[in-house]
Amino acid sequence: ESLAQQQAGNKGVGVDVELTSAVNTDNDTFVERNFTASEIEYCRARPDPQASFAGRWSAKEAVFKALSSYGHVESKGAGAPLIDIEVSASQDGAPVVTLTGEAKQAADAAGVKDVKVSISHSGAYSVAVALAQ
Amino acid sequence: ESLAQQQAGNKGVGVDVELTSAVNTDNDTFVERNFTASEIEYCRARPDPQASFAGRWSAKEAVFKALSSYGHVESKGAGAPLIDIEVSASQDGAPVVTLTGEAKQAADAAGVKDVKVSISHSGAYSVAVALAQ
Amino acid sequence: ESLAQQQAGNKGVGVDVELTSAVNTDNDTFVERNFTASEIEYCRARPDPQASFAGRWSAKEAVFKALSSYGHVESKGAGAPLIDIEVSASQDGAPVVTLTGEAKQAADAAGVKDVKVSISHSGAYSVAVALAQ
């Protein structure tokens, strides 16, 4: 059985939890280095921008870990900046992942065809779980 | 490659976190609208009914998100009441998901054959993760 | 369709959340019953041993639940000691699961070929999500 056959159908999984208050959204440099213009616009327009940024931050981290967990992701890709993992909202509110730049290159090279993520908030925390497949 | 082929083997994922104390189990209308008679009986007989209800609530939300994440779930199904997602306990304690009504219709239409969920509690929080496959 | 065909491609999922402070790392008997020598050495050498032990504990619990969730896991395996689920760090820091003893027997008998886990910490909590496939 080849490596590719062994991998066939296998998924990678990632989880991330964040204290919602700990994501430093007051720091413009941090925000602009990690969030796309479209993400920033979306989060700032939400009723609770701090929670929206924290949820997206959790989602990006969870996707990053899911890509690493999938296997065969090159180390350069593993260090891809989080701005290359964009999390947008579909019409029904479910988050949609779009990979660009180094994250996309790493995912393509590893054979990842689809990445899903789910986000939740309660009390002081934001949590996200991602699946690379 | 057709849409069906692209989807083949893909899973949907959902996560939900809840402050255990925030699930309003004192409100009979809320409880009866969202939990089946069998779930209510089970949770009320547990050592910590509040935690049991909160865990099941998290599980229902996580399954709901996993179904949406799977894709091709019709919007009507996406609005299915949570009572249509029943979470019961197997003999070894692991939760088992049974879909009925609109949730089942939506899952069938999307091609979901199996839904798994896992629940955990610690401190003030209940967390659940679901997989639609 | 046979049971094996229905199961083909299906995954099991597990989640675990822990108050990081609640994992009793001062109790040598508890630690040695649940962690391998290699895990103990690794966690004690980390900047925050308490968080490292709690994260690994969450990971073991999540893997245990994912194996149960996969299905067809024999009850004896379901009671496998957590020391049989070893969580080590790969070169890039991502956790790697190695099953031994009863956990391995149960996983083999159920047809589980691969187990992935992801761990996260924030504030007072450690969370892990596992996938049995």
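As written, the chain order gives the labels A, B and C, with residue 1 at the start of each chain.
Heads up, the rule we're going with is that a contact is a pair of C-beta atoms (placed from the backbone, for glycine too) under 8 Å apart; a residue touches a chain by one contact, two chains touch by 3 or more.
Just so we're clear, the structure is a prediction, and the values are computed from it rather than from any experiment.
Interchain contacts join each chain to each other chain, per the touch definition above. Shared residue numbers account for under half of those found at the interface formed by chain B and chain C, and the copies are therefore classed as meeting with different residues. The geometric centre of chain B is 23 Å away from that of chain C, both derived from CA atoms.
The residues of chain B that reach two or more other chains are 9, 11, 15, 125, 127, 129, 131, listed in rising order. For chain A in complex with chain B, the residues that touch the partner chain are 9, 11, 15, 92, 94, 113-114, 116-123, 125, 127-131, 133.
Here chain C touches chain B in the complex through residues 6, 9-19, 22, 61-62, 65-66, 68-69, 75, 78, 124-125, 127, 129, 131, going by the rule given at the top.
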